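In structure tokens below, several structures.
One chain, chain A, links the two complexes that follow: it is found with chain B in the first and with chain C in the second.
After this line comes the complex of A and B, so read on.
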């Protein structure tokens, strides 16, 4: 018995730092967020009165929140499919055995090293109505000057385009890794029996890549729901709330309006969205996806 | 012949994709050498390659200070994550004790909680610790990382368990085994986690925005935002010069560690 106690203490010592930090900065704040979401708070974030689920009831009546949810889901649709499809194409290209291919791989993954702030500032300039390159190209092609980030019809798509560019680096790198893990003898056999390249892609590559692909889609989805930096720099949630995605809404409610209780309720919504995406991944991935 | 055509067309597609992907970075690079007047004339190719904008960038905002802060914060988080994650991963792989599986389950659980969903209480906590405007508040919350623990655990599992058993037989203490056997055998995974944590911390945005409000610890990303808000219409060249300075360290990291990073991210993520 004392031996077991000794082992628990020793093992615990190794895990203690993580456990302590997770408790303070993950578990406690998650519970606290739930607690705050059921309270009115003062300017310091101290709960004042218990309101139960009133914040949540109000959320679903609030026009701003509806707009925010709409912006969030549109943003996800605008960013995730293009990111995954473009990255997949680039990864297939970069998986070819050619001299100097490593250089191209490095180029394609370079946006992984670009910060959201730096990328957003570059795109802000590219979208600049007067001197930005996008309007210049458009005018050269006979189009009209546009206020990309100030027009409610284009702002969210403009931010999404910048985001797709930022996220390609990561998705590309993971997908390329997945492609490289596929046993090359499979392709050799396919060549021997005369399978066309397109058919190989459909029958070998995509099925065997599916776990990786699924992982990339899940991470991209979760990542898209957590978007903040590019919104803060490019549009500040405007014009007319069309780019106020969920995390930006939480930020504004909590740290601009000091409405911590209401903001916490929105944070709980974020938690459940991410939870659902993750659960779908776990259950769906086990059944539908082909593992090697 | 057709093979040659195929090769050439592949290269052509690769080059076109590279140009499109790298365009924003190349464009920012060119703009960083243009003066405000040149920009207004609609120029995009610099006539003189003067580093004036780069000098001004350092004068306009305390860019040197911000760079230093970012470097310090990223470095501390990197070291912290390596220490904390490797200790936990070691226990999860090599030590057998009651409650271990529960602790591992708790670690998995943290992956279900998005950082942004906990940001409000975390901000209040850090404020109550007096850690705002302080390196402590920017670093310590990020020391524990489920991703880091997973990644190292994956690698530690490839170390033959017989090695551990014989170390036990010869009476080697656990920590000595960890320090002299496990860590040296895991250099590549440690390097991957190191690069990854440095990169993500360097690029962090929301948290430093919340917990810094003067230049003493403000990171370079927030400095850039501040600069862009102040300079707006006139001095885009200077802003782009700052952008180039900020992305240089992480781009170099990517160029050196791309292969390694790819392997490591796959290990931590998929298996």
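After this line comes the complex of A and C, so read on.
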């Protein structure tokens, strides 16, 4: 018996440093958020009166919250699949052993080196209705001038397109790393038995890449739910709240309107959404993942 | 040849000498500065002025620091008014708090309720400072329950800015800008052609507030929240509806250009000739006049036909003193505040920016007279304020949830471009803001 106690203490000592850090930076803020979500706060964010679940009840009646839920899910759909598919294609191309391929690998991963703020400003100029390059090209091709970021029909898609571009670098790099880890002798054997390239892709590359793909999809999803910078710079949540994703709505409630309680309630909702999506992913998608 | 070499030699020694002596001079200056800073009272001053406005502000601060030897004001740019307020929220009451902070007019109630500020009335009383020298409309705005809480500094009003060259081309008289809604609509129709539009308003709550006040419309009940705590909005009456209908009608007629929410985008669109008329703050007048490649006219805010002009609300910002800093620093900050409201400084500030002078005797100074000849547009902003009647409407609303209210108004304005009926858009905004007011009461 004393032996077990000793082992538990010993084990506890090993995890103590990380437990301490997690408590300060993750667990305490989470509990505090939950606490705040049941209170009204003053302008400094100090809780004043207990209101129970009133914030949550109002959230589900609030039209603006519905709009921002819709924007969030659309944004995820607009960004995650394109990011993964495009970067997978680029990674497959860049995995070929050709002369000068290093140059392309650098190009394709270069958006990783751009900050969100800097790239957003570049995209803002490209989308500008009067002087932006996108409208210039469109008009040269005989199209009509469009206000990409001011039209509720195109604003979210426009921000999503910019986001896909920003995220490709990271996803590409990880996927390329995954491809290079695949044992080349497998391809050699496949060549010998006369397997077509497409069949190789389906039977060898994708299964062996699946852990990496799974990782990229999970991370992209969480990223997409947490998008903030490009929204703040490109649209400020407008027009008509079509680009007010949850994180932006939380920011606005807390730091513009000083409704920390209401913002905390939204943060809790976001936490559960991300939690559920991640659990779903792990239970269903992970079955298809092949670990070597 | 020889001569050439010797000239070169002399020149190089001269240059050498010069740079050498420069170094010594700057060194001694640094030392002096250091010695002085030990005794100087430091006043950290947070502001939200960027671009040309920041340059003008830094000049004023430098002049003040040079004018005396006991106080050193340090201006620190903190982003937009909204961003600065967020940062203030984080440090208020700690030792990182600034001594002095510039906050926009709609933050007035918020600052008072924060409990972290010292009303300047205290110093006004102690010293018997004469506030009657200020513009009466400014005193009017910043007096809350008989107390002046902050020092007015940069005050602006909304104006109609238009492209005189485009007026000429369209066969309109460039000296006769539209004053009423029907004139505005007619002019915009004539100015709209080949992908160019007649008129535009930024999707920003301030313009709606102004277009409401100029008709005498109240924003919230309880006399705009000045008689008591506002409990309900009042902007959804006929005055507010007229503004929404104007935007809705003009947009549907194709004479109104939607510029979004960004001030820079709006000004860029005007300068590139995309629209010929738009509403702007008088603080932007000087920059626009200087940078537009055409003749720029400035005029009063248009009003609906058959409505008597009531005037405009003071926009802009004032300077707030923090409560939790040393008495000595407060005194130093008060000296600086008095300095920036002197006629001389306000005159310079007015002509360099387009903000009008808090102290009207500034307008009698030669520097203003001279600049008014060069920029007659600046005079318009001053006259518009002078003609303003002091009513609760033009005093402006006093509510703590102004940021939310503005977001809802912006959303409502945006929905007009999507074909939502003006009445419906206005009611939706009104309902949402009413709820915010109710929530705010529970705090």
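In the analysis below, the second predicted complex is superposed on the first by the 264 of 292 C-alpha atoms of A that agree within 3 Å, B and C clash if a C-alpha of one lies under 4 Å from a C-alpha of the other, contacts with A are read in each partner's own complex, and residues count from 1 in each chain.
We take it that contacts are C-beta pairs under 8 Å (C-beta built on N, C-alpha and C of every residue); 3 or more make two chains touch, one makes a residue touch a chain.
Keep in mind it's a predicted model, so treat the numbers as computed, not measured.
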Examine A:167 and indicate which partner it touches, taking first as chain B and second as chain C; both and neither are also allowed. neither
Tell me which partner A:131 touches in the superposition: chain B (first), chain C (second), both or neither. both
Considering only touches as defined above, state whether A:255 meets chain B (first), chain C (second), both or neither. both
In the three-chain superposition, say which chain, chain B or chain C, touches more residues of chain A. B
First, second, both or neither for A:72, with chain B first and chain C second: neither
Can A:51 be said to touch chain B (first), chain C (second), both, or neither? second
A:267 contacts which: chain B (first), chain C (second), both, neither? first
Is A:40 contacted by the first partner chain B, the second partner chain C, both or neither? second
Kindly classify A:236 by the partners it touches after superposition: chain B alone (first), chain C alone (second), both, or neither? second
Overlap of the chain B and chain C interfaces on chain A comprises residues 44-45, 128, 130-131, 255
Quick one: in the complex, what on chain C touches chain A? 82, 86, 89, 92, 110, 113-114, 195, 203, 258-261, 265, 268-269, 272, 274, 400-401, 403-404, 407, 410-411, 414-415, 417-418, 432, 436, 439, 442-443
Mind pulling up the chain B residues that touch chain A in the complex? 7, 10-11, 13-14, 17-18, 21-22, 24-25, 27-28, 31, 39-40, 42, 44, 83-85, 87-88, 90-92, 95-100, 103, 106-107, 110-125, 140-141, 143-144, 149, 174, 199, 202-203, 205-206, 209-210, 221-222, 224-225, 228, 236, 239-240, 243, 246-247, 250-251, 253-255, 258-259, 261-263, 265-266, 269-270
Complex contacts: residues of chain A adjacent to chain B: 4, 7-8, 10-12, 14-15, 17-22, 24-30, 32-33, 36, 44-45, 90, 93-94, 96, 98, 101-102, 104-119, 121-126, 128, 130-131, 133, 136, 165, 168-169, 173-174, 176-178, 181, 211-212, 215, 219, 222, 225-226, 228-229, 232-233, 247, 250-251, 254-255, 260, 263-264, 267-268, 270-271, 274-275, 278
Residue positions on chain A within touch of chain C in the complex are 40-45, 48-49, 51, 64, 128, 130-131, 145, 147, 149-150, 152, 236, 238-241, 252, 255-259, 262
